[in-house]
Amino acid sequence: MSENDFTTNEMMTVAAARLLENGTVCFVGIGLPSQAANLARLTHAPEVVLIYESGPIGTKPDVLPLSIGDGVLAESADTVVPTHEIFRYWLQGGHIDVGFLGAAQIDRFGNINTTVIGDYDHPKVRLPGAGGAPEIADQSGEVFVVMRHGLRSFVDKLDFLTSGGYLEGGDAREKRGIAGKGPTRVITDLCVLEPEAGSRELVVTSIHPGVSREQIAEATGWDVRFANDVTETAAPTAEELRTLREFLARTAEAHGDTA
Amino acid sequence: MSENDFTTNEMMTVAAARLLENGTVCFVGIGLPSQAANLARLTHAPEVVLIYESGPIGTKPDVLPLSIGDGVLAESADTVVPTHEIFRYWLQGGHIDVGFLGAAQIDRFGNINTTVIGDYDHPKVRLPGAGGAPEIADQSGEVFVVMRHGLRSFVDKLDFLTSGGYLEGGDAREKRGIAGKGPTRVITDLCVLEPEAGSRELVVTSIHPGVSREQIAEATGWDVRFANDVTETAAPTAEELRTLREFLARTAEAHGDTA
Amino acid sequence: MAEICTLKHAVAQHLHDGDTVALEGFTHLIPHAAGHEVIRQGRKDLTLIRMTPDLIYDQLIGMGCARKLVFAWGGNPGVGSLHRLRDAVENGWPHPLEIEEHSHAGMANAFVAGASNLPFAVLRGYKATDLVKYNDRIKSVTCPFTGEELAAVPALRPDVGVIHAQRADAKGNVLIHGIVGLQKEVVLSARRSIVTVEEVVDALDPPANSCVLPHWAVDAVCAVPGGAYPSYALGYYERDNRFYKAWDAIAKDRDGFRAWIERHVLGTEDFDGFRASLEAARAEEAGP
Amino acid sequence: MAEICTLKHAVAQHLHDGDTVALEGFTHLIPHAAGHEVIRQGRKDLTLIRMTPDLIYDQLIGMGCARKLVFAWGGNPGVGSLHRLRDAVENGWPHPLEIEEHSHAGMANAFVAGASNLPFAVLRGYKATDLVKYNDRIKSVTCPFTGEELAAVPALRPDVGVIHAQRADAKGNVLIHGIVGLQKEVVLSARRSIVTVEEVVDALDPPANSCVLPHWAVDAVCAVPGGAYPSYALGYYERDNRFYKAWDAIAKDRDGFRAWIERHVLGTEDFDGFRASLEAARAEEAGP
């Protein structure tokens, strides 16, 4: 692949990474969020503070951790605290600027499901579960969600509400007395969505290069709307792509994947 | 002073030290308790585990700490934990066998006052206060109190109840749902007192050498009673005296006292 | 008072059918060897507690050791599902598994409350989640000062707490370092505790303020070098990410899983035997 | 985000008349230098919080900086009374001092609750003590699972938390070791925080799991070598037990105390000046 071609996954990761500012204190979920947060650290935000729920604070892994507790996270951290302290002093204590989450399902109000597909007591698919997400979604200053676009993931109705976004929309979240601002950005492999003022419904605000509105509409389980001033996401720079690919290559090698 | 002479204070410290068994986990108050607990460690109970509320666990100071947080306590400890952990995991958690306390006032039921002499709002003498004592007295497996005998300290009625012993006596303590056994021994410069079965009133069970019943009665603010089988406390051995005096000499030197 | 003994003895002594057991480890220091010994000794009707059940819980559940699972996140990190856990929950194989589901914050606070000998924990949490619809052990308390309503969860007080750690000394004092997770709280919240360690040394000489469990707060200490494998022990060996990925195929179907357990766990005497058996299998696959 | 600045600037910036202030330190790392700067800048109507108020609180109270004291044990450890504290409580000199009295367990839990952003703490405590008769901020809560009644105290959330620590790096990350007390909780429970340190180094390189405060969780970091004196900083200098004993005579009478403060604290620019002034006085006493 030539340096200027890029995959939709690369576009997603790059677009997510750009949202993290230098110095931001970020509570990082495993998988895509971890990939994006570390890309930010390796590019425009060297001072971003990455916190993983297992205990590392200010960690700087040279390869992507497969789990949220890999040794590389402890060895490269400013400090490592007990897991309960992460949730009590740092998250509940109000020190997290951005909670960076993934999800299996999301609805138009940014509510997410990582628990089950189908009925809870007789699930079609039993997913891993909540983990730290419910409190990360509630207590982080704001939340970024990064996940692939598709009819199975962008649904009209969640099978299970694991972690709250804007709930029924409008000021439902504030009414529930939830501290954080909620999901201010949803980054997918097709576009970026943001909550519309007032209704708090997620609307498309930026479309990745080469993606059509039809593609997005077909991949969304509700009648998705577009902001008046939709922009086109800037394509990944050569620098962003090189950094991401080198990082993933180092990771694959470390995890013993075949290239 | 010849090796076989000893002061009443030395007798008190030695008698208190003897009560600590090897391997006992002991929460140590500052002052006389600390002196007695360390004498036990330096004589018959080398494996006694000493915990100070500032955070050191399993500490082995070579000189007596002036405060409960001297550096020697941290440097000679098996581990040092945050102060809140001492109270939450170790004391409240139920790991303390013996709480070793001093007091300004004690009554016939082993209730103690370290808060005020006189009225709380207009005190004659404002004492330091509770510190860790109320919870040490409640939550330790049992409590030893070491203090000098006298009419100002052994009172008919406390000016202030800082830490509970047997409260109004009988099963009042159990009725209050307090976990620990309470003050099973009170060691003074004249004798040892223990709660009488049933009434839980402190009665004299052992009299130090050369002390008369009259002396004890005159130094006690209530009509003190004597057990049927009162014994005479064994005099300090040469080994006990030598160890105590060397320990106190090292301490005086370290604290810059004139010999 | 810590007894320094074999893992076989420790499990026989302290971990019984029907017990509530927490084998904890937050990616780091997961007590895989202890889990295998539980399978070898054929324990049944266990209530298993863990914030992040992974491969060893998949194995215990697949072998029918568990009646109930208390957890917050059950998956193979970075890989996908735990197929034995899913088969138990989705299809009741080998038998139905009751689940009690929490968030990490809820369970972390519940272990702290258990270690603190409190009956419940208070947290800001569970504010907007369906978990509360399916878990009646998530309640609320009102602050007596501000009137605020907060979430309350019952303290976790397992019958047996099992962890792996780096080192113990001859008395049984235990040192844990790196990602300490809730290892200390699991031991202190449990009625009985088993700690497997990489090695028993003469003196721990822990750095100031490191995570140490005094010997008198632990029941059994067992030297099991490599006992966290395929998890890791910081300073000793790294996580075998290849094995975590390989587990997906092994656990996918019931017969393959059974065969694997019978050959490598039930077919071996102890964890050294298990590691040797794995090596032999790898050599075979590699071929001559 | 930590500003690395002078103590004079930090106190002027963050600590105001009427504030609720916790200058903590459990024998170790007591922020004496910061306390002196509060006296020099003439702060008034402070509510002072501390588990174990000692000499520096005796000085602040004797100089009339405090309106109220929240505490558990107020004495000169191993020596006796705090005469200025007693004079304020017993005789209302220099003016009456309101007191809110707790146990150590109550205050330690209240700081933890504050650091955890909870409105109250739950503990087993205050079961048989008259403290509850004189402190209406000790209440109770009922466990929603067992029905047990437990003690509840409001979280401590000072306006300003002030501690001393061993080291900070150039960014303002702070390392505390030895008896860490509640230093971390004081900073995390406070709205604003000032940390004085023995030295600012290029890199902290803390041992695994040591007590570290990230620079973004602290407001001001000030290099004040010896800033805990006569308390101590493990690894730097020992507690000056002689001074603690000498304080008894200094604080005993009002005029002697005033004279001492005027000469050594108000009469000096900063903590170095204070130390030099003390040395000069000692030389005089020693005579030619």
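The chains carry the letters A, B, C and D, assigned in the order they are written, with residues numbered from 1 in each.
Just so it is clear, contacts are C-beta pairs under 8 Å (C-beta built on N, C-alpha and C of every residue); 3 or more make two chains touch, one makes a residue touch a chain.
Predicted model only: the values in this text are computed from it and were never measured.
Engineer: Would you pick out the chains that touch chain A and also touch chain C?
Structural biologist: Joint contacts, listed by label: D.
Engineer: Mind listing the chains that sit against chain A and also against chain D?
Structural biologist: Touches both chain A and chain D: C.
Engineer: For the chain pairs B-D and B-C, which is connected through the larger number of C-beta pairs in contact?
Structural biologist: Here the pair linked by more C-beta pairs in contact is B-D.
Engineer: Farthest chain from chain B, comparing Cα centres?
Structural biologist: A
Engineer: Mind checking the centre-to-centre distance between chain C and chain D? Centres are C-alpha means, answer in whole Å.
Structural biologist: 41
Engineer: Cα centroid separation between chain A and chain B, in whole Å?
Structural biologist: The answer is 58 Å.
Engineer: Can you compute the centre-to-centre distance for chain B and chain D, using the mean CA position of each chain? Integer Å is fine.
Structural biologist: Each chain reduced to its C-alpha mean, chain B and chain D end up 28 Å apart.
Engineer: By residue number and range, which residues of chain B touch two or more other chains?
Structural biologist: Within chain B, the residues that touch at least two other chains are 74, 80, 88, 92.
Engineer: Residues of chain C that touch two or more other chains: which are they?
Structural biologist: 117-118, 123-124, 178, 180, 184, 208-211, 234
Engineer: Indicate which of the five shapes (line, ring, star, complete, other) describes how the chains touch one another.
Structural biologist: other
Engineer: Give the pairs of chains that touch; include all such pairs.
Structural biologist: After working through each pair, the chains in contact turn out to be A-C, A-D, B-C, B-D, C-D.
Engineer: Quick one: which bits of chain B touch chain D in the complex? Just the residue numbers, please.
Structural biologist: 30-31, 53-56, 65-71, 73-75, 80, 82-84, 86-88, 91-92, 111, 115, 120-135, 137-139, 160-164, 167, 173, 176-179, 254-257
Engineer: Could you list, by residue number, the parts of chain C that touch chain A in their complex?
Structural biologist: 26-28, 51-52, 71-75, 77-79, 81-82, 85-86, 89-90, 101-105, 108-109, 111-112, 123-131, 134, 178-182, 184-185, 211, 232, 234, 238-239, 241-242, 244-245
Engineer: Touching residues of chain A toward chain D in the complex: what are they?
Structural biologist: 23, 25, 49, 57-58, 74, 78-81, 88-89, 92-95
Engineer: Contact residues on chain C for chain D in the complex?
Structural biologist: 117-120, 122-124, 137, 139-141, 143-146, 148, 150, 152, 154, 177-178, 180, 207-211, 234
Engineer: Residues of chain C touching chain B in their complex?
Structural biologist: Chain C reaches chain B through residues 1, 115-118, 173, 184, 188, 206, 208-210, 212, 214, 216-217.
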